[in-house]
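Once you scroll down, you'll see the structures, which are given as structure tokens.
Shared between the two complexes below is subunit A, which pairs with subunit B and subunit C, respectively.
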Partner chain A sequence: MGLLTNLKDSISRVTDGLFAADEPKRIGIYGPPNAGKTTLANRIARDWTGDAVGPESHIPHETRRARRKENVEIERNGRKVTIDIVDTPGVTTKVDYKEFLDHDMDKDDAVRRSREATEGVAEAMHWLREDVDGVIYVLDSTTDPFTQVNTMLIGIIESQDLPALILANKTDLSGSDVQQIANAFPQHETIPLSALEGENMDEVYTKIAEYFG
Partner chain B sequence: MPGSTPNVGGGGSPPGDGRASDDGGSDDGVRIDMISGARMEGLTGMEKIRLILDGVREGNIVILEEGLSPDEESKLIEVTMTEISPDDFTGIEIETYPKAEATDQSFLDKLMGRKSAQKLTVIGPANRIETLHKDENLISTLVSRK
Partner chain C sequence: MPHQCTTCGRTFRDGSKEMLSGCPDCGGNKFQFKPKGTSADEEPSPPDATPSAPASSPSETPSASSPSETPSAPSPPETPSASSGTAAPGEPTDPTGPADPPASAEPRESTQAGSTERVSERTGEDTAQASARSDVVSPDELDRASRDVDPDAGPGSDSTSAEEGPRPDIGELRDELNEQFESIRIVSPGKYELNLMELYDRQEYIISLQEDGRYVIEMPDAWGISDE
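Entry: the complex of A and B
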């Protein structure tokens, strides 16, 4: 009886493993606020499913809840990769509602937005520790990558042994410096792109299939 | 000297006891708590985070000799976010040297779960500490009184 039970458990583990391998990988799109995470998530979702993930804005913390787009099938070189895209709020260590007052908001709206933003960042950190299988780390290539948030998040991602793809976004802007990002994180490959203009998305999809397939 | 920690344990008031201004600290200047690796070693992750945030919320600058592990850093961000409140606490500024921890750990360290997190870390209230310059070898910050 014990032998039969053990055999049944073994078969169950093998079949569970086979099905688990077919399940979409949850890929978190992380990065600081205003790096273009939602623009990228929307670009990927629109290219492969026709739908968007969420609204984009130049105001920081537009994304205040992690949003998931499920079963995005990406085909590359005859190979199909199915992922769930998780668009996360921009990670920061501080949120001051007064910064939102500069964006035509009254105090109540600014306070509400800052409270939602803090909840969203906490949620994003939780997702990173518990619920993602890989990370697309998006950076604005017109800004200095040597920030503490970037340093910490890359360190957290590495400590979890998660596959990570670093994207240098906003290459359509004049101040873009992709090399600066490559220098900041030499242990990772850096892929340039403009999610807004759709530039270099072919390489991005090839890398997504390679890293997360 | 292991365990030698100005303002932490022993004499004076430890961080988080609410007496920062009583012992000549925050009214006239900026109090800095330098916490040794030995002091942090015996604490759980949450105790470390509490020690840091209690100090920072009193307006102090906390300097950790050996820093936090990536997991603890992640939880520090999460807990900080839950404590932010309008017109009271806007969060933290934290600075460490960018260090590729994964490349610094030996195979045995990884196997044993030992972290090579030894990186000087400065943490302060977001409204009092401002980073002027940061690269692989230099962190320059401006600390204001209030």
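Entry: the complex of A and C
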């Protein structure tokens, strides 16, 4: 039985390897709500395909379902890397409809959004478990990165041995502190950027090609 | 003959304390509740997988222990037929008795629900029990009960819901969801707490939550499980 299982695993690894060479890697864009994940996904998709991935908003949990943009071909230093981008809902440990009431939303809509956001977190975690080959972890560099969510997600990503790129977003804002993020996760390289303004995207693409190519 | 031992058939008058520690004849601890006017043993689909009769007793306590109800316990119309005569009609109803019904009309419903739990494994419901269930338990809850495999959760929630208003099951469904899916805790409508590690570790994928506390999950493929 063990022999058969081992044989099956070996065959599975070989076939996976064969397909992996052809299939684009699926890269999940993860992070807490309002870190700029969709802005980044749109920036990447527009730069290389001309399309957008989804609507951006300053209201938290705008993205409540994972959205995928396939076959994004990034060319770097004469080399092409094709990836599928998965823009995931912001991950959090608490969702409260009251936080939406400040955004011109009535209670029913806020409660619905809250429920959908919760479903979104479940979906994001499911994708992380099952369906991503690498992670772009986006953090708002104006906020404290030492949070339970960040620590837990980075821990999960590391335990999965997934290649991970940490991006310190919103460098265009005055309170941005990239170093604080670098200090929080010294085991990873931290790349500063402003997805909104398109600042430092060249380095981001170089690193994407390097990490996920 | 409100109560009948399902093992030896001995009957007990309403309000009897004899059965509190099991049937004195055979030691059986499952009793069928037969309110007056019902004798036919219909066999509607018996509620499955809701054993654990003792678990229902604590949750019934609130209704059964209401002191104002106990004096009416003897309730002659309830106990007309051939019981063994061992009951003590004047005795107050013991609130800890799992199948000991107060005789007044309102609480009887909840007691019927409790009794239904007690006999669920071995006998079908009679018509009164069936109607009691349909009167007080929403279809949602029946659904839930039928797939409930937690022996402690089902009876308690059934009997409690019998005492509440027209939509009594929301809070319980929420509690139950929290128990079964500790990965998502519904604090109140629109307010959630999430256990990320649990969400990550689950094979099932929670596709959608609904207002009433129900949820839809996507199960992993059967072949996937057997292959692993």
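Observations
Criterion: the second predicted complex is superposed on the first by the 194 of 213 C-alpha atoms of A that agree within 3 Å, B and C clash if a C-alpha of one lies under 4 Å from a C-alpha of the other, contacts with A are read in each partner's own complex, and residues count from 1 in each chain.
We adopt the following convention: a contact is a pair of C-beta atoms (placed from the backbone, for glycine too) under 8 Å apart; a residue touches a chain by one contact, two chains touch by 3 or more.
As the structure is a computational prediction, the values presented were derived from the model and not from experiment.
When both complexes are superposed on subunit A, subunit B and subunit C occupy overlapping space and clash.
Legend: residue contacts after superposition of the two complexes on their common chain; A:R129 is shown touching both subunit B and subunit C. Residue contacts after overlaying the shared chain place A:E119 against subunit B and subunit C alike.
Once chain A of one complex is fitted onto chain A of the other, the partner contacts of A:F146 are limited to subunit B, with no touch recorded for subunit C. By the touch criterion stated above, A:A184 is placed in contact with subunit B alone, subunit C being left untouched.
In the superposition on chain A, contact of A:I156 is made with both subunit B and subunit C.
Touch criterion not met for A:E75: it reaches neither subunit B nor subunit C. Under the contact criterion defined above, the residues of subunit A that touch both subunit B in one complex and subunit C in the other are 91-97, 111, 114-115, 118-119, 121-122, 125-126, 128-129, 152, 156.
Listed in rising order, the residues of subunit A touching subunit B in the complex are 91-97, 111, 114-115, 118-119, 121-122, 125-126, 128-129, 146-148, 151-152, 155-156, 158-160, 184, 186-187.
Those residues of subunit C whose C-beta lies close enough to touch subunit A in the complex are 183-184, 189-197, 199-202, 205-209, 211. Every residue of subunit A that touches subunit C in the complex is listed here, in rising order: 91-98, 107, 110-111, 114-115, 118-119, 121-123, 125-126, 128-129, 149, 152-153, 156. Of all residues in subunit B, those touching subunit A in their complex are 69-71, 73-75, 77-78, 80-82, 84, 86, 90-96, 98-103, 115, 126-127, 131, 134-136.
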